[in-house]
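Per-chain residue numbering starts at 1, and chain names A, B and C are given in the order in which the chains are listed.
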Amino acid sequence: MVLDLLAPFAAQLQKPTLAFLFGGMALAALGSRLEIPEPVYRFIVVLLMLKIGLGAGISLREANPAEIALPALIAVVLGIAIVLLGRVTLARAPGIAPADGMATAGLFGAVSASTLAAAMVMLEADDMTYEAWVPALYPFMDIPALLTAIVLAQMARGGTVRIGAILADSARGAAVSALGLGLVLGIVARPDAVHAEFYEPLFRGLLTILMLVMGMEAWSRLAELRHSAHAHAAYALTAPLVHGALGFGLGYGAHLATGFSAGGVVLLAVMAASSSDISGPPTLRAAIPQANPAAYLGASTSLGTPMALLTIPLWMALAQVVM
Amino acid sequence: MVLDLLAPFAAQLQKPTLAFLFGGMALAALGSRLEIPEPVYRFIVVLLMLKIGLGAGISLREANPAEIALPALIAVVLGIAIVLLGRVTLARAPGIAPADGMATAGLFGAVSASTLAAAMVMLEADDMTYEAWVPALYPFMDIPALLTAIVLAQMARGGTVRIGAILADSARGAAVSALGLGLVLGIVARPDAVHAEFYEPLFRGLLTILMLVMGMEAWSRLAELRHSAHAHAAYALTAPLVHGALGFGLGYGAHLATGFSAGGVVLLAVMAASSSDISGPPTLRAAIPQANPAAYLGASTSLGTPMALLTIPLWMALAQVVM
Amino acid sequence: MVLDLLAPFAAQLQKPTLAFLFGGMALAALGSRLEIPEPVYRFIVVLLMLKIGLGAGISLREANPAEIALPALIAVVLGIAIVLLGRVTLARAPGIAPADGMATAGLFGAVSASTLAAAMVMLEADDMTYEAWVPALYPFMDIPALLTAIVLAQMARGGTVRIGAILADSARGAAVSALGLGLVLGIVARPDAVHAEFYEPLFRGLLTILMLVMGMEAWSRLAELRHSAHAHAAYALTAPLVHGALGFGLGYGAHLATGFSAGGVVLLAVMAASSSDISGPPTLRAAIPQANPAAYLGASTSLGTPMALLTIPLWMALAQVVM
């Protein structure tokens, strides 16, 4: 069974998505002056989130609300559980300031749009189907995770905690906004043609550019990580595996209980394994100002995201073995 | 007949173009941090104008110059008439500085590239055909309107009026330049393949992004409008209807006289109803420095453009009823 | 035979690639405010180089290394020979500072990604085939040319020359990095689907935008050229023809010796005729700080690049006549 898990893993490494990630790392390591301009990068993320939202929205029109309830609940539970887990592990580790630990746990509980998109493309390339509304579970895990981390950090500091304000701020992030807009338009505005002819064809191509950026970012942030405590690095390397396994386990439960698809279980595991790269950081910076961004961003961008991406073939192989 | 007008109007509200406009407004109203980076936005506008120009240029190769003459003349007349109308209404309204009134009238006489693009996509989605050169009438309405407003404002101030210089400056704006370049290349350079394989497929998709930006801009400029006179708001809400009806009426005359298409009449009405968002403002700022940009931009962006977009289904329904 | 050469030349002038170049020049000459935002322009260049690399890498998987050896050697020889030729002509011309002359010769020995892309599109439009790995010869000519110019300039100044550092710096430029990354991924990562569905369709369309930018840049840099010595202008106008003929001659030798394709000979001539616009200038600025960027950039951008683009139909016609 170990071989069954390793073979598809090795195969994925030769496919474009992960190859562009490693390519970006290699370019940064070699000191290349190649860069994807920041405004273009931000636009690509908006397009991907709009696309994920539109696709999910279109499929929600015909979906049975009952079948969404359990996976959505699991997403919320995972978002909160991951942060609570971080509180009793990372935030208590030696050399870690509690606020830094909580912010890092919040980022790892939140979801990375690019990692989710990578998983969607990899599932489609391997013909593993999933309910098209699964990617729309993104905010169900992302917002509770950020909320939990911020509430715990603010409670520790002893100030007044205004849950409504934190919730609203999380939902206003660029990625959640774009996904939410796509979702609503997908349900009410019949964007099927423009989705199929514009957003869908661009999706796979633009993802290669995103992977490149993530690889370059990961490498160049490694230096920052060196200045922070070892526990951060240890957490960033193991958390994607632990969180993903948690997500896979709960998703597998939904598979047994309600026939949730194998691809859906993989996406749930990937969302749990991933850590937020776009929307989460500004929200955390505003709400937990006492935490050091270099610590949580370094851990998440340089190690957490690449690790989460590398676990995608693992969940896919696991799904094929057990389902 | 009122029902005949309302039913397609309601139907259009559920289609992507207007839905993205309202989506943008909703995001801005909810305080979303989503934004389309400025350089990307400006590039999209250039692409759309190049596409409109190329398409019109390709069709002009086989067009009969005689059939273009009347609609082109109507476009010029509309551009001038709208500004003159603004002079005797808005510019004389209580609480309105004459220069502000003239600049606003100039913007409302000029044409919005994005609104025109939206009308083209909506006509094509409903299979209403138009002569492919009609969008190239854009500068025939846009430049005379800006010219008239600037000349009137400069005459009121008593300085020397240099019509040639104003004309040249209007034609150098980004939108008119891109459309003019596309037009010339479409006629002489056989870009049919690259138009069909690159510009055309991107057109509909990028329009959704533009609509999103216009919705967000409209909402965030509403605050500015609050500080200016009520007459500005009243003008911005009614002018698109009045100007569009004027355009529709003259276009309908061309339909009766020379068989100008129903889709062409709609596009003429939309150009008349729309107000300039890209090219006009910098031209006016340079030529009528005594006018307050917050006044004319606020009126045009926050109310004029959304109103003009909302009237598109009206002209389409009217065309289907009377032609 | 002169007519045989002129007819396809005239025909190419009516095709989109060169027409967009002239269109850009015309817009700049008329003072248009149209501009392609800098971040978008840089992103387009990265996409084109990634595409060239991916395409070449995919084809290298099945290529016979032996057939690549001779053209690659010719590319290296051309890169060095062009710079040496510039040393004994331009760098000794009256009124030319030797460092300016060497930097200019280095730029003209290096390769323009956009000019190469234009030649690829023009060959494909005329159904002239070439070995798909030929564009990957880019760095084989580009790096030796920059290296030779920098070494000669540093030797003339009498400092220590560190060839390894110069070589590494040239390879780190954005264009060479993107091409190298594409090349490696094309060989190892099976990106065939994303290449065919995303990179390839965008290639021709984005090239029209690049041509537009190059035309506008060429015109606006002409003014700079006026301040520098006449020898610069004379060199910039004749070098593309001389270098291209050199490249064509050596490429034709490879055609006779090993059956190198006619399209491949044309691409080799175009690379030799072209001068670097993206990667070369920053490398030269850092390594030959005593040279005046206005001199070498003015010569290359305003005259060298348009001339090189205009010679493409010449090499195509020549290839059709002699092969």
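Convention: a residue touches a chain if its C-beta (ideal position, glycine included) is under 8 Å from a C-beta of that chain, and two chains touch if they have at least 3 such contacts.
Being a predicted model, the structure only gives us computed values, none of them experimental.
S.K.: Degrees of rotation, nearest 5, to put the Cα trace of chain A on chain C?
M.R.: 120
S.K.: Specify, for the interface formed by the sequence copies chain A and chain B, whether it is same or different in terms of residue numbers shared by both sides, with half as the dividing line.
M.R.: different
S.K.: In angstrom, rounded to a whole number, how far apart do the mean CA points of chain A and chain B lie?
M.R.: So the centroids are 41 Å from each other.
S.K.: Note the residues in chain A that touch 2 or more other chains, in rising order.
M.R.: Counting only residues that touch two or more other chains, chain A contributes 37-40, 202.
S.K.: Could you list, by residue number, the parts of chain B that touch chain C in their complex?
M.R.: Residue positions touching the partner: 37-40, 42-43, 46-47, 168, 171-174, 177-178, 181, 184-185, 188-191, 193-194, 197-199, 202, 282.
S.K.: Enumerate the contact residues on chain B facing chain A in the complex.
M.R.: Residues in contact with chain A: 14-16, 19-20, 23, 26-27, 30-40, 125, 201-202, 204-206, 208-209, 212.
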